[in-house]
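Two complexes, one shared chain (chain A), two partners (chain B, chain C).
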Partner chain A sequence: MSHGVWSPFAGATHYEFRMQLRRKSVWIATFLTSLIVFTGLHNPWNFPHDTALSVVVAQWAVVCNAFAPVVFGVLLADRLPRDRRLHLPELLDALPAPSGSRLAGKYFGSALATATPIFVIYLSGIIYILADRHDPLAVPLGLAAFLAINLPGLLFVAAFSVVMPAILWVPLYQFLFVGYWFWGNLLSPSYGIPTISTTWLTPLGSFAAAGFFSRADEIMTMDGSTGTVWQGAGSIALLLASAVLALFIAQRYLNWQRARQ
Partner chain B sequence: MMKHLDWVRYEARRVGLAGLLTPLLIMLAFSGFGLLMRANGVSPDRSTRAVVAGLEIGVATAAGLISATLASSDSLLELHLSLATRYRTTFARRLALMLGWTALVGIITTVVVRLIGHELAPVSLLAQQLVWLAPLACFTGIGAVLTLLLRSRSGAAAMIAGIWIAETLFGKVFGATTWLQPFFLFATSFTAGKSYWLGNRLELIAMGLLFGALALIWLKRNPSILLGGEG
Partner chain C sequence: MQIEIENLTKTYNRNVRALDRIDLTIPSGMFGLLGPNGAGKTTLMRILAGILRPTSGEIRVGQIDGTTDSGRQAIKTILGYLPQELGLYPDLTAREFLDYIGILKGLNDRRARAQRVDELLELVALSDVAKRKLKTFSGGMKRRVGIAQALLNDPRLLIVDEPTAGLDPEERIRFRNLLSDLGGDRTVILSTHIVEDIAQTCRNLAILGKGKLLFEGTTANLIDAARGKVWMITTDGPKPDGDLTVVSTLHLANETQYRVVGDSAFIAGAQPADPSLEDGYIWLMRSGRAEVAALAG
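Let's look at the complex of A and B:
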């Protein structure tokens, strides 16, 4: 990346990150809603001691990924409309910084900041596992599980939550997004409605969890799917590629919109 | 009269096509799910529940999200606060418009379902209106109060999404636990015909009115609360 592209990207990421991290509502909404996470049957303290460490860690990552991205996606939906409301594009378009770098910076900065409270909640479970098992491997395993299971799903959700409100009314997008979460992640195909849950395009991270962290039958996922290492890698690649595609199309759309003004 | 019509027309234009179409689209989508379930061999009773879910979960939750947005969606809020028409009056009008329109969609749906020979709940057509009215009132009140409390629309929307997820995933627990029953917004979808249903509906409406009143009193006492919020 050339300096003229990199520098605005880094600047936008930095400011978006700080701006989003300081919002009290991000922390309050995430923490309160995450109380649901602790009511399940697959929390770190629900497993017998003979369960493999990797299974406990990966299961905790999947549990966090079942609920937290809903709040995450809803919170990110106001980032582009906020700029429009404050007439920031008019100001920023007058600067030499490329709009693509700004959009990418907005995406990474706000996504990483909104994921921070989720990571804190996830980390609390990993610390519990560490204290309970006295096995320092819980920490690197926990970080690897977050990177493989949670992060691709969060980046996928963030891409759509940041860009879709460019064409959809924010409450409508938020509604459709939560509806999608039920339909595309938690709904069993046996219900009689065609669904993409149990496919690679499920940001829940079931394939990564089952593929990388256990034998297929050891992870109890929300959608009941299982997977191999290759399926796990395929699912991550598909989620990340979809996120990049969404950002790319949104960037083209925003440029077209700008050219029409 | 003309003046009232004028503001209805103006506010309807402000909410826009997306706002007005939202409850309609939700009902069409859930009815489509119901038809799809029928086509896949699911029983009529179970597929009618898709329409119940559309009214009770879909339309009501969307109203909560819209209410959270309406509370602070005026980009000229600062200017508005200096006008003779108080902001809480404008907010109440917008809320009334949204509720009125959503109610119309709810009533039409219950009547259409009855006309095609199905029942949304084992009660009279009049009482069936409580299927959508109770969660609608409650979610709208919650949306307004949370926006003022958090001073953030998206924060309030995230909390509503959390309530939605929690009550859907733990629907059976809410239905079976006595102290949780008054707070169960989706009682018809999960436990239609249970003895606590009518009480639950009335309690939810009371909570909605209480939250709505609280939001209006809050805006009266501190009209500038939304200035400088998180957006």
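Let's look at the complex of A and C:
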């Protein structure tokens, strides 16, 4: 028997992924949310044919990232409290696997599972673009856009949605999270209300979209922000670092909580 | 593997003392831990399982110092634990759940792990429902999954906390027999408030009450403690009063038969009876506890 870090992490990721993917609410809620996305004005079918492929693809990624993470964050918020509700911590805490591996596995597994229906919806748009443009480059561009624009924001949201319910009542967190999403991502500073929507910390992916996939003046991001390649990279790094920090602090907090029992 | 506990105290927040200076030696084989609800049994089990840290005192599991972080981690590698409130993932099948726990126990070889899972499913008679989701399982089936997960790493120390609570009589007997078989070559600590479970499986036991150790010895010691204190009273009149504890009541055709524990020299018609472990337990709980503990020692 070996009691390393990676094997429990891989096991937890695998089974948390399975359990979350089997939740009907994950699929239903995400597809209902997608109805909002499909009625938007910046979908692949709304662009004239002379628009650059990269712009159409990146725009589709940003559109998918505008609303899908709201339901994504809400659906992830019950993962830690669910273990407590099911009386699992006592069993799991008596196992030799490091609790950090379990937390990281829960984070990755449940985040990837919850992102799966979002990816399916996103993929449907990419298939449309492929069929419409007859340009096979849409597929690698689509994958790259998802990795650069959508995934960092989703991982950022997932970290806070998994760990914050350790200290907050789940419905309260979900309410605050939805409020944060509209305030911190979709609210333009032009309304005169202070917001972080145009900073690197927006998980919307607009800096990555503008920086990597289009000239700044071509892309229409949800918050109107623009960006260079370096700003895009900086935004991704900041989002991922924030996620790692949130998980690290949560792990320390949960260990402290266990120790003082 | 012997477990030595010295001067163990656990105080929760707001100065609630769950365990008070416990000194206890647990030998190899089946060991019963008995006591009423709130006696501190679950706290002691959780400390032994490395889930809780003691406030003070010493624990030694074989050669392992259970009071250090590294010691607690080492104990977890040789431990099988079935908690009182067993949590399972309802959306996983029995086989998936055991596979997951196996991974978390460090069984990294996929083929060997799958084989071990199959063996244990067979042992607890769940092979035919291995692919069913746990949310469809009855209480007894969930308990059997619980014991299977505890055995995945072939533990040298097995701790089971109230394992038969909520089981039907047949399941309870099956479970007790399974525990007895397991106790042959390892240390099994069975914590319960059901005296019958201890009587049928354990030679050695300890009794806790309000966080203190009330008794440590063999089941025979505890039975002897009640010898001469158990009586049968058959009457068609009112329930016998006085300084007695009624252990059981049997309604006959025209009379009622009471089994009582107490100094019943003054009760007319009382017939002495051979004590059982339950009688010993009742006698211990009602009589001067320190005195009986000294007797057992």
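We take it that the second predicted complex is superposed on the first by the 258 of 261 C-alpha atoms of A that agree within 3 Å, B and C clash if a C-alpha of one lies under 4 Å from a C-alpha of the other, contacts with A are read in each partner's own complex, and residues count from 1 in each chain.
Throughout what follows, contacts are C-beta pairs under 8 Å (C-beta built on N, C-alpha and C of every residue); 3 or more make two chains touch, one makes a residue touch a chain.
Because the structure is a prediction, the values reported are computed rather than measured.
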{"item": "Partner chain(s) touched by A:25 [first = chain B, second = chain C, both, neither]", "value": "first"}
{"item": "Partner chain in contact with A:259 - chain B first, chain C second, else both or neither", "value": "second"}
{"item": "First, second, both or neither for A:70, with chain B first and chain C second", "value": "first"}
{"item": "Touched partner set for A:190, first chain B, second chain C, both or neither", "value": "neither"}
{"item": "Touched partner set for A:102, first chain B, second chain C, both or neither", "value": "second"}
{"item": "Touched partner set for A:93, first chain B, second chain C, both or neither", "value": "second"}
{"item": "Chain B and chain C contact sites that coincide on chain A, given as residue numbers", "value": "23"}
{"item": "Chain A residues within the chain B interface of the complex", "value": "23-26, 28-30, 32-33, 36, 39, 67, 70-71, 74-78, 82, 85, 168-172, 174-175, 178-179, 181-182, 186, 191-194"}
{"item": "Residues of chain B that touch chain A when the two form their complex", "value": "16, 18-19, 22, 26, 33, 36-37, 40-42, 47, 58, 61-62, 65-66, 68-69, 75, 150-159, 161-162, 164-166, 168-170, 230-231"}
{"item": "Chain C to chain A touching residues, read off their complex", "value": "12-13, 46, 49-53, 73, 76-77, 79, 81, 83, 85-92, 96, 100-101, 103-108, 149, 153"}
{"item": "Interfacial residue positions of chain A with respect to chain C in the complex", "value": "1-4, 7-8, 10-12, 14-15, 18-19, 22-23, 83, 86-97, 102, 258-261"}
